[in-house]
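Both of the next two complexes hold chain A, though its partner changes from chain B to chain C.
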Partner chain A sequence: MSAVTASHYTADYPAIAPSLPGQSLPWLQQLRTDALQAFSATGFPSPREEEWRYTNVSGIEKKLFSVPANQAASDVSADLLKAYQLQDAWSVVLVNGRFSAELSALSGLPDGVSILSLADALATQASQVQSHLGQAVNNAEHGFVAFNTAWFSDGLFVHVPPKQVLAKPIQLLHIVTQADALATTRNVIIVEESAEVKVVETFVGADNAYLTAAVTEVFVGQNADLTLYKIQSESEKAYHFGGIYIKQERDARFTHHNFAFGGLMARSDIHADLDHSSECVLNGLYLGVKRQHIDNHTRINHLKPYGISRETYKGVLDDKARGVFQGRVVVAEDAQKTDSQMNNRNLLLSVDAEVDTKPQLEIYADDVKCGHGVTVGQLDDKSVFYLQSRCIDEETARNMLTFAFANEMVDKISIKSLHDNVLEQVLARFPQQGVDKEWL
Partner chain B sequence: MSTSEQEIKNLISQEYKQGFVTELETDTFPPGLDETVIHRLSKVKNEPDFMLEYRLKAFRHWQTMKSPEWAFVKFDPIDYQAISYYSAPKRKEDGPKSLDEIDPQVLDAYKKLGIPLDEQERLAGIAVDAVFDSVSVATTFKGKLKDAGVIFCPISEALREHPELIKEYLGSVVPHTDNYFAALNAAVFTDGSFVYIPKGVRCPMELSTYFRINAANTGQFERTLIIADEGSHVSYLEGCTAPMRDENQLHAAVVELIALKDATIKYSTVQNWYPGDKEGKGGIYNFVTKRADCRGDNSKVSWTQVETGSAITWKYPSCVLKGDNSVGEFYSVALTNNYQQADTGTKMIHIGKNTRSTIVSKGISAGKAQNTYRGLVKVLKSAENARNYTQCDSLLVGDKCGAHTFPYVEVKQPSAQVEHEATTSKISEDQLFFCQQRGLSAEDAVSMIVNGFCKEVFRELPMEFAVEAQALLGLSLEGSVG
Partner chain C sequence: MLSIKNLHVSVGDKPILKGINLEIKAGEIHAIMGPNGSGKSTLSHVLSGKSGYTVTEGSVTYQGKDLIEMAPDIRAREGVFLAFQYPVEIPGVSNVYLLKAALNAIRKHHGEPEVDAMDFLTLVKEKVRLLEMDEKFLYRAVNEGFSGGEKKRNEILQMAILEPKLCILDETDSGLDIDALKIVSEGVNSLRSPERSFVMVTHYQRLLDYIKPDFVHVLAHGQIVKSGGPELALELEEKGYSWLDEQVAA
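Showing the complex of A and B:
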């Protein structure tokens, strides 16, 4: 791997290190030092690594993205906020990788519930952070995780005590305003026993090239229920890496909805470890146009018996876009009675578009029910004909069917305002004459 | 199922029945590999000069390569200097003129295996080329095939008699630079079968090669080249066995198939190399490169394999679908028991328009075995209206084994339609109970269910092989459920 460019970033590190949160915490300093060492050794992942064979991030190395000096909230356009900030939610807004109290909305939190920036959490409840940070994922994963651990400048920290059911969702709004900015954020979400929470991660940015490198660690306690939405609507020129690493305890339920719309090159990692009778649902939709490269990488580890997992990823690729799906289900020796289904469906709309998909089953237990399915193709001719026979012209018919294909994933969103917001974004992808809002 | 426990134990401990050793005098090279060995090999085989150069080129390239490590199999590094690269039953200077001159012990060995080299006792209508360690010892039905214009002979003979065909086609599908084991094979291959079916000829009988490793400390490196000229048709069968030994032996073969316009090749394998004992000691490392090139329009290649033997099986019979409307098929049953490991599957590369491929893979894993399906379906931009259907089913027998599915799908053409489906499950208790309740023993029930599970593949095998495959499957598997 290009040790040259890794050193390019590492050389920059001493200058920014003092500005990173948690200076007074020796354990965190140690964690960062180790991570820096790991990153120096490996650099960013290369396509020679099996898990990255379809995604080449050398673009990140050619450019040097750097931590922006300006993190002012005034930089954020009102339009952007209006378009993406949910009104009926507690929101934590990060501008260029730093918390903005001004833009965030955190009033009226129930007692015992912590929703704050990670930097603040490191100041006020360091021990809670210490016992979780780096527990769901470590540097060995790949270069981006090590990079994030060394560089993170802020993030979201959520702690929900046992049996607490949050009335409103929590939104993490990640905004990058500056060109060539590096926004490295680390989020920790702890949902204790039998609590119920919905979290929305939204990634947006001004029309610039920049790099987002976010890592989210999620801990779902016994019988707790967490629904996590990720709306990746980065700028068309941006690079995005977002890793979500989940530890589920017994009977815990975790549902993820992953919408990947933006970025020049975007990669998501979603890795869940399941305990006894845990349930894990991963849904995803990726829409690629122009020269976008969208990679979704999921791993579900069934470590104990009776786990259930359901995975559905859909992709629509147009122009010269390339979609990558890598899904892996591992059933450990002990994980008898596992029930796992994975599905990946792709629509290719243009001769220059490409899909690479790699669903994997790795099974070490015999009493299991596991399956996966993949399709790559185009719209069903019979369906198109059916619509045409009802006096709908072909183009409209195709648009309707493509939209319907994607909309199945949008309809799974249970937060009304978010649903409408995502629907808006999906509609913007389809020429208007085909998909009339009236029908919806 | 406890009542049948003893019976189960008996069945599990059933011996590998092809595990005998034939005692006979051999010409064997001392272990070791360098350029002088290759010179000597080429000389012993009386090869034309261009072959020696080809071998040396491959050998030099091989030395620059590293043993690949990406497969889902574990084995100790192989010491290539400890292997003997040539072993042949001793024979008279000018080779056997007829069956009478073949060492009767070799004939006996084949009789024991149920492979009749004696034409009078032949299986109806199958021509056999028998490869014993490093050399082909006999080819039957040569005359009848010659009448049809079909060339079916040991590849070492083809090197001498049909150099123009060899020059044109050898290494054109699997170049010597392809991979580590293909490079090694190109450098040291000793024998194998050569088939040429002329234009418009439908081969009058099934062709078959039977591979037998006998000598200890040798590797078997055979090379098979099948060329089906325009509009021709051939069905080819391959079988293999080896004696039981505690040390591992390497088998690194290369098979190249070339189908020209409108030609059809059907290639069936029943692989039953010695799988090692119950503790995973010994057995054959079966690292094979098999690839078919559907060069002409409307050509078709169909791979059918039943893999029950070998300590480690590592192979991906593939099809390069270059011609428009060409068809590739892959039907596979891979059974692993005890400590066997298999990483097998196929590659379908769609290049021509309207190319179609079908993949049906059935993996059965028992004991402490690991069974992996790894496959690639690649549709290039030129492959308009390409179509692929893949189905991979895995059956787990016992809670210590593993079954893995690693498909790769790469599509660059929007009019292509690619489907992949995989399931993993165990033999259903309900089905077992149903059968037993109707008076079948647990063994018969398992055998019946497994055979049903594999039926789609067995259906593709030629008659004689299908019977053998079913029996093999029963032998290797029955009793591992309890």
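Showing the complex of A and C:
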């Protein structure tokens, strides 16, 4: 098993543990001890596990990524902040996995709203953290969850009280500056009844090999509304494993936009549990170039009646990039009248690009409306010719069609500054000739 | 304007066009009629540069240049416009974006500066009114979710804005109800000018009630078997196409 190869990580743990937050909290120490034990037993996930068969993480087992001693906020370039930090948002900036107060922007929070680092939350509102940490996911999920629980060095904590509608989005800006760094962050987002919140998770880093292992636990209360964006723009040499685990209460609405652009190997796990009449929308766009490996694994559990889920993932893969989409929708026996649609569409731009797509429906109820569809293909020749017959040269026509394919997902972003930022990133990843930024 | 000489075209090993001769002068409207499978659509595809066709013999000269040698986008910039029988849906590309990109490609080809944004919108809105279309069509993805009639109207809108010299209308009338046909025909008629020529490929005589051709050619088995004035269309209407087969056989 991979436990053997991960043993150097457990051996490294005692040196790191004293620097991790929550030393004085016995419940957290217990949680970490249990997680370390679970990780020691399983190690990182192995391709022998069905849910990991397309993504072999031996690359991180061969190395030792370790939690840096210092946060090194001074390493963060002004250009990087300018490019990725949203101006019209409250932001929590983590550098090499630890909170940087000087780079964050948290003034003017409405009364009763908590937006702070997880380490600070453990110091000031530990009971609120305790009642949620580990409640949306536990060590049994897979090795990365146990690893994260034992190792997490900081993260984002958000608590929004009932009926509060936040005027600005919240951004978690996750920056890794150091080579061979391990950035293990744990985020807890609690949105209480009828509150409305937008949260943006942005992952970026310097041009180094490093490992991001993040877990975000999300609690969407009754009739509450959370839109969560994930912008994964890690270094081309980095490994990224990010899990998002969502608990939706009755009538809760959760929308996720998952943009996977960076990383040598990147994987997102998005698991949502839906209660009565909850609504879950999962949108995703993955763009792979060179030898990138980008895996997205989603699971929607319809546990109660009248739930609605809509999932659209699109991928564009060029060069020797490989994409993986595993989408699973489970409709429990109790979840009558579930309405679920899942779609995965892929565009392969080179003969060496590859995608493995596996949509799965597991339905145990008998009165439901569920569907799924998958396409894998090249650009349509008829469309290319149509554009050529309208004066557009072939290369530009192909660029336009590729961009249009991806842009459908970018267009769904409702935060203007974020939309523009993501648009720039999409344009930067594919040849830009002939694609007008003023996409009317 | 356009000179087609002894044009032979094959798809794979199968000959489709077997020696077409056609001279089109500036300002003329030529209707090409014929039964299904006669090679009408092949002719419009070859003129617009669609791949999959091999010219095995003969030539096509457009404004003194070899048309067959030109890439489809170059032909379009030189003023050849094909109104598609089946316009293609392009999700994610808005109508107005395509129009602007196309117009600017033509201007660049002729060494002219890009169109001014305000002038462009004024022009586009004027043409939209001409074709009795809703302005909101401009901001929708090209042809996506359009009805058959809307797609054909959209083709004529593009034609009106790009102002080509040689317009090839491939079965533009088929599938249109009479009201849509009238609007499309008015659009085409408004574009008639001494400098602009039209090739209308059609199965039905009905179109010619609304757009008067100068010449009518009948295509059968890959050859033009009869040419004449507008009265030939009426003769076809009366007798159908079968008598032509007899004539060819004889």
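Quick note on the criterion: the second predicted complex is superposed on the first by the 436 of 440 C-alpha atoms of A that agree within 3 Å, B and C clash if a C-alpha of one lies under 4 Å from a C-alpha of the other, contacts with A are read in each partner's own complex, and residues count from 1 in each chain.
One rule holds for everything that comes next: contacts are C-beta pairs under 8 Å (C-beta built on N, C-alpha and C of every residue); 3 or more make two chains touch, one makes a residue touch a chain.
This is a predicted model, so every value here is computed, not measured.
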Contacts of A:366 with chain B and chain C, given as first, second, both or neither: first
Which of chain B and chain C A:348 touches, first, second, both or neither: first
Contacts of A:333 with chain B and chain C, given as first, second, both or neither: first
Greater residue coverage of chain A in the superposed arrangement, chain B or chain C: B
First, second, both or neither for A:379, with chain B first and chain C second: neither
Touched partner set for A:105, first chain B, second chain C, both or neither: neither
First (chain B), second (chain C), both or neither touched by A:390: second
Contacts of A:401 with chain B and chain C, given as first, second, both or neither: second
Which of chain B and chain C A:17 touches, first, second, both or neither: neither
Chain C-contacting residues of chain A that also contact chain B: none
Interfacial residue positions of chain A with respect to chain C in the complex: 380-383, 385-394, 396-397, 400-401, 403-405, 407-408, 434, 436, 439-440
Chain B-touching residues of chain A, taken from the complex the two chains share: 50, 333, 336, 346, 348-378
In the complex, chain C residues that touch chain A: 48-51, 71-73, 76-77, 81-82, 84, 87-88, 90-94, 96-98, 100-103, 105-106, 109, 139, 141, 158, 162
Touching residues on chain B, where the partner in the complex is chain A: 70, 379, 381, 394, 396-426
